[in-house]
Amino acid sequence: MRSYIIRRLLLLIPIMLLVSFMTHATFRIIPGSAAHLICGIGCTDEVVEDLEAQFGLDESFFRQYGEWLGVWPDDDEGNKFSGVLQGDFGESFLNSGQSVTDRLSRTLPVTAELMLLSLIFAVVLGIPPGVLSAIRPGSLADLIARLTSVAWLSVPNFYLAILVIAFGSNWFGWLPPNFGTGKAVGFFENPIQNLETFFFPSLVLSLGIAAVIMRLTRSSMLEVMRNDYVRTAWSKGLRERTVVWRHALKNAMIPVLTIIGVQVGLLIGGSVLIESVFALNGMGNYLLVSVIGRDLLVVQSLVLIFAFVFVVINLVVDISYAWLDPRIRYG
Amino acid sequence: MAKEAALELDSPLAPPSDAPRWLKMLRLARAHPLGVLGLFCILLITFSAIFADVIVPYDPEALQTGAIKEAPSLDHPFGTDRLGSDVFSRTIFGARIAMLIGVVSVVVGMALGSAVGIASGYFGGFVDSVLQRLVDSLLAFPAIVLLLAIIAVIGNDDSAVRSFLNDSTPLPSGKWLGIPNFLDIIIISLAIGFAIAVAAARVIRGAVLSLKENVYIEAAQAMGASDLRIMVRHVLPNVAGLIVVLGTIFLPIAILAEAAISFLGVGLPAGTPSWGSDMGNLSNRDDAIGRGIWWVVFFPGLALSLVVLGFNLLGDSFRDISDPRLRGGGGSGSASRTGF
Amino acid sequence: MSRRALLGAGATTALGGAAALAVGCSGGTSGGPRFTPNPNATPGPGGSITWGRPVSVGGVDPHVDLTGLDIDALLYSYLYSWAPGAEVTIFNNLATSLEMPEVTNFIFTLRDGVRNAPVGGEFDGEDIDSEACKESFVRRGTSITAVDKRFPQKIAGSRDPAMLRPALQTPDKFTFSFNMAEPFVPAVREMANATWAMMSPGVTENAPTLQLGRNAFGSGPFTLEEFVGNERIVVKRNPDYFIPGRPYLDQITYVIITDNSSLLAAFKNGQHDVSGAILVKEDFDEFNADPSLAAATAPSLFYPVVHMNVRRDPYDDIRVREALNISINRDLIIELAQSGEGQFGGPIQWPQKQWALPRARLESFYKRDVAKAKQLMDAAGRPDGFKALLKTPRLPGVNFINDIARIIVDSWKDINVDVQIDEVELGAYIGSVLLPGNFDMTFFPNLPYDEPDRPLSFYHSLGVTGSGNWTGYTNPTLDKLIDAQAAEFDFEARKAIITEAQELILGEHGPQLTTTGGFQYSARKAVVHPGFSIDEDTPLDSNPVGVDIWTELT
């Protein structure tokens, strides 16, 4: 097992390098650069050249990539290295040199809270109906549970987001507080306002995952309940509740946990739409704006971080799967 | 116990019935009401897509078909928007665009993904290593970035892909089958298809790996059959079922993906009568949220939800029927690796 | 400066806000308390307001960044202000007067007492004097992103700081002057715009290390308290401002929400005091009907035009161009895209009342005539029309381009011209469509500017402010006229030249086809009083922007 973990961790390196280099190459090739966006309609070739030189976009792929990574010196004497390897994720072209780390320190907590709350909602909204559906298959309750869970999965979350804003402001005279203040207050500063800000975005984000969790809970519970030992417990006359809660649920949670892990990885980049509608400055929005703005170093750094998180989460998921289910062994 | 019996209801172990075919179908339908609902939704949308020209009372792109921002009425069952376009006509045409994108994305994605997955799984070793690293890297990209980057690269005016499509294929760049911006739609489908291929490749490779130990393969190799022949004749048929299942999972995801990127304003050109464009259109949203003109966003959204709902319900039932062990959502696990 | 709507690469900055929020929209209450204004209230100090904003601010360095100019105007001092309607300078800022003994000689007399605001930095209290003007001119004039490159060029013949500096004179502490090589009328308007901030010499000298994109060391009515460019920006009152008792407001908080519908919702919900959303006439009517809100309207300089690449077939044929021009259904654009309020625009847009061609002339010239257009197409050998591609940029936050493009394309169907709209992402648009002239026809908003030289320069061989000709159009006669008007300080003479140029352009039916111009709308809570409303002309005795805003809620 340990060698497996080490091998997977080592694989992180080529993947992250590949990912960031592909991003770099792609964004150097595609038409339009940050320079074009800055001077806009007042652009001339001369202005664009000057700006691009300022951003280092006139250097070769490898040199600029190397400088960003920290393996190529920034200056000509070969002394100063400042790049990812030294902890410097680069600077924005469009926001007067704002450092990526600086903006990350602001966007990361927002995204993290959004993820966390979404997961909590998803578990709370997904597991009980799944259990209910499994212990009463074919009943009306089962049907309703399955239909509503698929419905949540099917309605696009950005659509729900618009509905929340529309109803909130028109019918209830309420909108999240960050619309008025421009910032999402931290949980420890003002828990009530914080929850007011994050409640609906997290809820909307959670529904799709809740649906997946519900179906998975249901199927794995059905699976588990079919097992002999469960039937044995039944035949022994134990109360249904004991059977369900003590034996089936615990084992049924295994695949559910792994799904939660996968979904987290997706949520990070996928929350863009929700963040945009709810005016939250999270990493999804940061990424989108940087891609449209061709903010090269920012996009590279963000993609690197996302890739890292994605791979690590997958690893954790795979390992926890093995840890939870003793039958699985990795060589 | 009754509960056990309920669990076994659709098991393939149940004794075969001698009832006539239609009765069997009916029983199947009664046992899977949600699947029937799903099928109904899909048929409704497909019907709309195919017969759009006949159904729509107005040209979806026509301006001033009636008063502007008119609420739903007999003349305009879904109302009109700020330019006077009929929302009903636009929604019906949206079905055509959605189905087109869904089908093309899935076909391209599954074809490419299967090819890579099968090759990767079959050859193993170095080929597998390289392909897998590539696939993993691509999977690690946030979906938005991947799609945007691909669209930017291939959608560019001078791109090789666009020139190829323009010159070498009969596909027109203007309107075709009443669909405007046809080439743009194809390009977006290709981008989404590529993203699908990446996810599919991983899943299919997994399946092929377990197949490799199969006796047929060893025998065929011993007999000197070429790799290509083996892959096509022996491996492919065995993963065909998986490919189809994956296809049904990805189709609604592809449609949602287009809606999402059009919503963000980076997908189809604004003004195209696609559901995502209409929902994301800034004026429509302002009208819906701020000025009470809810219908311009509501109906495209409803249609989109219906399609995705339909495919999900139908897909679930398919899986219930064909493999009871997968009942209720195991398959959706792999789908969630890709979506939004 | 206070009324200009800057529309650079998709950014809309609404200045001089007078905004009132009216509630009472589609059914239901809205949040936040509603205050009816007190008719007896008088301007007084205190209070803070929240101002919605649709566009992120990349930076607040007025010499370099172009997305936060309205905020820069609050943080820094300028030589003078500009009254757009009357097109005169108002000496309510750093300069007390401008003498021009000759049309190429500018002599500014500066006021004593303009100093850097106390922000707790090493440049507090530094004087803004002639030395400051000189250094600021150098910094601004040689900045890479400076939009008009011609102006500093005409002072020193070069944009090299080493040559520019000696050409700027500081005979004494409060006198600043320079000579230009040739007369250049747009210079007067140019120096009033928000990029020409006057910074103290200490600041310009240390600029490379000060990160002026995120910090401000200015002498304007407000100081920069908090800057998170894509979330919120807080400016606080400068207690040391040179106008005693001003500004009235203690604080302005700008809240950035890039999604227009969310921005509108926040305003209607009472969370913003001044609306940042892009509004339409319906909103204006609705808000004005509510006593706790006030809405205002002003002509909009936003003008999208169709550019044709006259080097390509069939746009090199003037008959085709004319056919396209007169078959555009401009009335429909006004009706559908401008809520019925708008006028036809000529080469110079109608809000520039002193220079634009008379309304009657434009209405008769641009009267839609499909029959004549068809005749022209026949004469040009294209009775069956042709297919074309109209490329448009995808501008974040606004939808008007696409709507108007669709109306235009629809109207061309009547002459069998089948046009497909191709929306290109903004970065790619600038880089691979516009700059290289890689288009048959394209449709995008020209940079609005209330100096006639700018819209005319789109027809000049050298292109916009000397920076590039995308359409390939050259007309030496027109070039001469445009150059001449830029050098003519006498109003009547200049007007005559400009009218002649416009008439020439009309006859060319290209390379730009102008459409129509509408109105811009703004809204605020009625208890917030701007110095003057955007629907009034700038009073000639007004103070600089932002200084006179006051609120009844203190």
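Which chain is which? They are A, B and C, in the order written, and residues in each are numbered from 1.
We take it that a contact is a pair of C-beta atoms (placed from the backbone, for glycine too) under 8 Å apart; a residue touches a chain by one contact, two chains touch by 3 or more.
In this text the structure is predicted, and so the values were computed from the model without any measurement.
Trainee: Where are there more C-beta contacts: A-C or B-C?
Mentor: Looking at A-C and B-C side by side, A-C shows more C-beta contacts.
Trainee: Where centres are the averaged C-alpha coordinates, which chain has the largest centre distance to chain C?
Mentor: B
Trainee: Nearest chain to the global Cα centroid?
Mentor: Of the chains present, the most centrally placed is A.
Trainee: Which whole number of Å gives the spacing of the CA centres of chain A and chain B?
Mentor: That gives a centre separation of 22 Å.
Trainee: How many angstrom lie between the centres of chain A and chain C, each centre taken as the mean Cα position?
Mentor: Distance between chain centres, rounded to whole Å: 39 Å.
Trainee: I'd like the Å distance between the centres of chain B and chain C, where a centre is the mean of that chain's Cα atoms.
Mentor: 45
Trainee: Would you please write down the residue numbers of chain C that are in contact with two or more other chains?
Mentor: Correct list: 25-27, 259, 261-262, 265, 268, 396, 425, 428, 432.
Trainee: Where in chain B do residues touch two or more of the other chains?
Mentor: 152, 156, 266, 285, 288-290, 292, in rising order.
Trainee: Out of chain A, which residues touch more than one other chain, so two or more?
Mentor: 30-31, 162, 165-166, 169-170, 276, 292, in rising order.
Trainee: Going by the contact rule at the top, pick out the chain A residues touching chain C in the complex.
Mentor: Counting only chain A, the residues touching chain C are 30-34, 36-45, 47-48, 50-51, 54, 94-98, 106, 162, 165-166, 168-175, 179-183, 276-279, 281, 289, 292-294.
Trainee: Give every residue of chain A touching chain B within the complex, in rising order.
Mentor: Spelled out, the residues of chain A in touch with chain B are 11, 14-15, 18-19, 22-23, 26-27, 29-31, 133, 137-138, 143, 146-147, 150-151, 153-159, 162, 165-166, 169-170, 212, 214-216, 218-220, 222-223, 225-226, 234, 255, 258-259, 262-263, 266, 268-270, 272-273, 276, 284, 287-288, 291-292, 299, 303, 306-307, 310-311.
Trainee: Can you tell me which positions in chain B touch chain A when the two form their complex?
Mentor: Residues 1, 3, 6-7, 9, 33-34, 37, 133-134, 136-137, 139-145, 148-149, 152-153, 156, 252, 256, 259-260, 263-264, 266, 279-280, 285, 288-290, 292, 294, 297, 301, 304-306, 308-309, 312-313, 316, 325-330, 332-333, 336-337, 339-340 of chain B touch chain A in their complex.
Trainee: What part of chain B is in contact with chain C in the complex they form?
Mentor: 61-64, 68, 82-84, 152, 156-158, 173-175, 180-181, 184, 265-266, 269-271, 281-283, 285-286, 288-292
Trainee: Could you list, by residue number, the parts of chain C that touch chain B in their complex?
Mentor: 25-27, 259-262, 264-265, 268, 277-278, 280, 282-283, 332, 336, 387, 394, 396-399, 402-403, 405-407, 410, 418, 420-425, 428, 432-433, 438
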